[in-house]
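The following pair of complexes shares a single chain, chain A, combined with chain B in the former and chain C in the latter.
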Partner chain A sequence: MSALLQLDRVEARYGPVQALHGVSLDVGEGELVAVLGANGAGKTTTLRAVSGTVRRSGDVIFAGEKLPRRPDAAARAGIAHVPEGRGTFSELSVWENLRLGAYTRRGALKDDARRVFTYFPRLEERKSQQAGTLSGGEQQMLALGRAMMARPKLVLLDEPSLGLAPMLVAEIFERLDRMKTEEGMAILVVEQNANLALAHAARAYVLEVGRVVLSGASDELRADESVRRSYLGY
Partner chain B sequence: MPLLEVENVTKRFGGIVALDGVSFAAEPGEIVGLIGPNGAGKTTAFNVITRLYTPDEGDVRFDGESLLGTSPSGVIRRGIARTFQNVELFRGMSVLDNVRVGAHAHRGDQSPEDVLFYVNLHSLRYRSAAGLPYGTQKRVELARALASSPRLLLLDEPAGGLSHEEVAQLGKFIRSMRDDYELTVLLVEHHMGLVMSVADRVHVLDFGRKIAEGTPAEVRRDKSVVEAYLGAPG
Partner chain C sequence: MLLGAFTWTEFAQQLAAGIREGAIYASLALAIVIIYRSTRVINFAQGEMATFTTFIALSLMNHGLSFWAAFPIVLVLAFTGGVLIERVVIRPVENAPVITIVIVTLGLALLLNGLMSVIWGGGNRQFRGPFSTRTLDVGGVPISVQDIGIVVVSLALVGLLALFFRFTKLGLALRASALNPDSSRLVGVRVSWMLAFGWGLAAVLGAVSGMMVAPVVFLDPNMMQTILLYAFAAAVLGGLDSPLGAVVGGLLLGVTITMLGRYVDFIGSALKLPTALLLILVLLIVRPGGLFGSVTVRRA
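Take a look at the complex of A and B:
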């Protein structure tokens, strides 16, 4: 599989604080890859480095080309970033949020919206409702739906399980599987529920203080003693 | 006598009944878990207790006296502090200044500096809150709450963004904090491992109604809880 996304020794900082110390990783076309790590390990920053929403150095190659460090360039190239806390526009309606997802491209929205609604029927029921009044689970669905509206090649997904009930978390991950197989989207997901992430991802990277300390197939990582102790809990 | 009594509280938003005659109580020194699916009314209950919302029916009593005549800022002075599901820090301010806001809202015997040592954030006290990792921001919120010298602490999803190992540490921390600060704790959390390990009693909400209560072990076995919330064991 040729790599859709490739990070080559990427560094990133917030003012004086260096958050990434040379992270290299890759994601293949249509591949679901997980990033694991403790609080502050650099997981969120890794996603931000890809979408250009943090100062970075080092190369990010996307679909064979060097990606400029501008969020709009990342969005136009086909990268959708679903941030931690979802980042939905709470004052806007569900439908307006979805329309904004398609901002970077031309063409009719109806078919795409219909597609999104087959994934998340609740969004259709709540189409005209203000996003801020949705429950946490519905907001996560909206954030994913909005990302789908951009028809991205790659979705960057930060902690989709955050604030969601156990049953809903499982449901969200099933939808991610579908987005991968039916829409052909590649997904790079940061997730604290490592058990679930490794059950759905083909491969994973483990970050510690801004560095990749371990990577491999999900099965291999699940068998790793340190991963089990720190992230899986058995 | 319970420190907190929520009695028959109903809260409606237009046609939606977010809380439907909900009652529960917390005895002094207890850690009480509040669980349930997204949209069940858990955060609404927090917002009623902290008086951001006024219930349509029912009463909330703290230390035997009704809170309904008390303003949100008055609630802090009565000795109730909280954290927020999606982190509500003053983003442009330093960690220390955020914690000072807590002490300013209700001056007790906790100094912001001491609290920062206690939650192990003292070395970050001059950092801007906005740039910190999500899990660390949650800890700043906790410090801000402690700095207001509360008797009752409401924690809204404190495990968000933490890895398995960190959640285990958080559980121990909540218990020692309860002892060291002589707190009563009300905990909303989806991380069942955490709730089951720290809570003395658990109340379960679904669609605004209480469907079960008991010890963690009792609630975990409850059929309606498994169906509404936990899903099949796995």
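Take a look at the complex of A and C:
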């Protein structure tokens, strides 16, 4: 499998605090990969290192080319980052949020919007509503819809399950599967809920204090004694 | 209390004059709001920027161009100048505390003021506007063509801007950068350029208000200073982060001041400004965010 995204010994820091100590990982075309780990392990920072929203060193190679660390470079290269807190423009309407998702693209948005609405019909009903008035689940759908509008090759997703009811979480992950198989998007997802993540991802990386301590196919990780005890809780 | 006899005709005339004043405050207030929304910076150089571009219009007209030929050229130059100022003067202090940037804009105001005196000399200049001062009969009320023209041009520009912000991709990106710069970067918006673009737009608004007001007063380097005060007041009245508020605030302030000056005799023209500011103060005690502004609630 050709790697779409490749991180080679990436370090990242917030001022004097080093958050990543040489993280290497890769994501293949159309692959769903999970990043697991405890709070403060560097999961969010890993995503931010890819999108260039944190000071980083080491190489981030995307589609065969080194990604420059300009804030808009990742988006222009075809990476949609849905950050912690979903990055909703809460004062703008649902439709305006979707329009912003397609900011780096030219051409009509109608077809893409129609596609998004087949995934998330609720968004079509609330098209003209202010995004801040949506429920948590709807905002997560909007975040995914916004990402889809960019027709990205890779979606970076930070804690999609956060604060959502289990039913909704299952629905969101089912949509991620569809985005992967139907749209051919690769997805790198950070998730607290390791059970869920391993059930949907092909592979996963386990981070501890800014380092990859374990990686492999989801089945192998699920069978691993230490993963089971630390992250799966049984 | 009332100065002279009250007639409805005169009242209507005063109302028209108030709206004319208000339209000028509104466009300058909107310029202030556009920059404030995206950076939380009050641009004290807004008045001098407007006067500077009006002087450029004067020079072009002295070289034989008509007002309407000079007008678009001045707007393009104003936009370019606004963008340049942001890139050259503001960008280096972009991440500094707001107060630092505000002081930089004060310095910029002084610099532009000095430049104008050097280039065009200090005295008053007559600026021949595009509209005649002849009056038209509007439903029995004589109103000058100039007043109508100023209102139409100023409000048309405001309307165009509103359409731009609402319906174009660039306008949406500008709003998004002001509301949520981090998320804007993630969808690929070049936020830093959006700030420069905002300065360009603000300069254009200022240029229009300058060219509209210059025929009414006289053109000199300090022309916009009092008007800028009124525009600040209008922006605060409407709510500093609300473009609609800036326009409504401008019109309201223009009409209020004109009416107070004409009909409340102990106010007259000398006490117009303090009275208007007093009214705004009272309003802000009741509504701290202004008429349309949002109030940020912070935990202590």
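Please note the rule applied: the second predicted complex is superposed on the first by the 234 of 234 C-alpha atoms of A that agree within 3 Å, B and C clash if a C-alpha of one lies under 4 Å from a C-alpha of the other, contacts with A are read in each partner's own complex, and residues count from 1 in each chain.
As a working rule, contacts are C-beta pairs under 8 Å (C-beta built on N, C-alpha and C of every residue); 3 or more make two chains touch, one makes a residue touch a chain.
Keep in mind that what you see is a predicted model, and the values were worked out from it rather than measured.
K.L.:
Quick one: classify A:104 as touching chain B (first), chain C (second), both or neither.
P.N.:
Touch status of A:104: second partner only.
K.L.:
Which of the two partners, first being chain B and second being chain C, lies in contact with A:31: first, second, both, or neither?
P.N.:
A:31 contacts neither chain B nor chain C.
K.L.:
Could you look at A:231 and tell me whether it touches chain B, chain C, both or neither (first, second, both, neither)?
P.N.:
first
K.L.:
State whether A:192 touches chain B only (first), chain C only (second), both chains, or neither.
P.N.:
After superposition on chain A, A:192 lies in contact with chain B alone.
K.L.:
Determine, under the contact definition given at the top, whether A:146 touches first (chain B), second (chain C), both, or neither.
P.N.:
After superposition on chain A, A:146 lies in contact with chain C alone.
K.L.:
Who wins on chain A residues touched, chain B or chain C?
P.N.:
B
K.L.:
Just checking: does A:163 make contact with chain B only, chain C only, both, or neither of them? Give me first, second, both or neither.
P.N.:
Touch partner of A:163: chain B, not chain C.
K.L.:
Figure out whether A:112 sits in contact with chain B (first) or chain C (second), or with both, or with neither.
P.N.:
In the superposed model, A:112 contacts neither chain B nor chain C.
K.L.:
Which partner chains sit in contact with A:91 here, chain B, chain C, both or neither? Use first/second/both/neither.
P.N.:
A:91 contacts chain C only, not chain B.
K.L.:
Can you list the chain B residues touching chain A in their complex?
P.N.:
Touch list, chain B to chain A: 13, 36-39, 85-87, 127-128, 131-136, 157, 160-166, 168, 190, 192-193, 229-231.
K.L.:
Can you list the chain A residues touching chain B in their complex?
P.N.:
14-15, 17, 36-40, 44, 84-85, 133, 135-138, 159, 162-170, 192, 194, 229-233
K.L.:
Considering only the defined contacts, which chain A positions touch chain C in the complex?
P.N.:
51, 53, 71-72, 74-76, 80-81, 83, 87-92, 96, 99-101, 103-104, 146, 150
K.L.:
For the complex, which residues does chain C have touching chain A?
P.N.:
My answer: residues 169, 172-173, 175-176, 179-180, 182-191.
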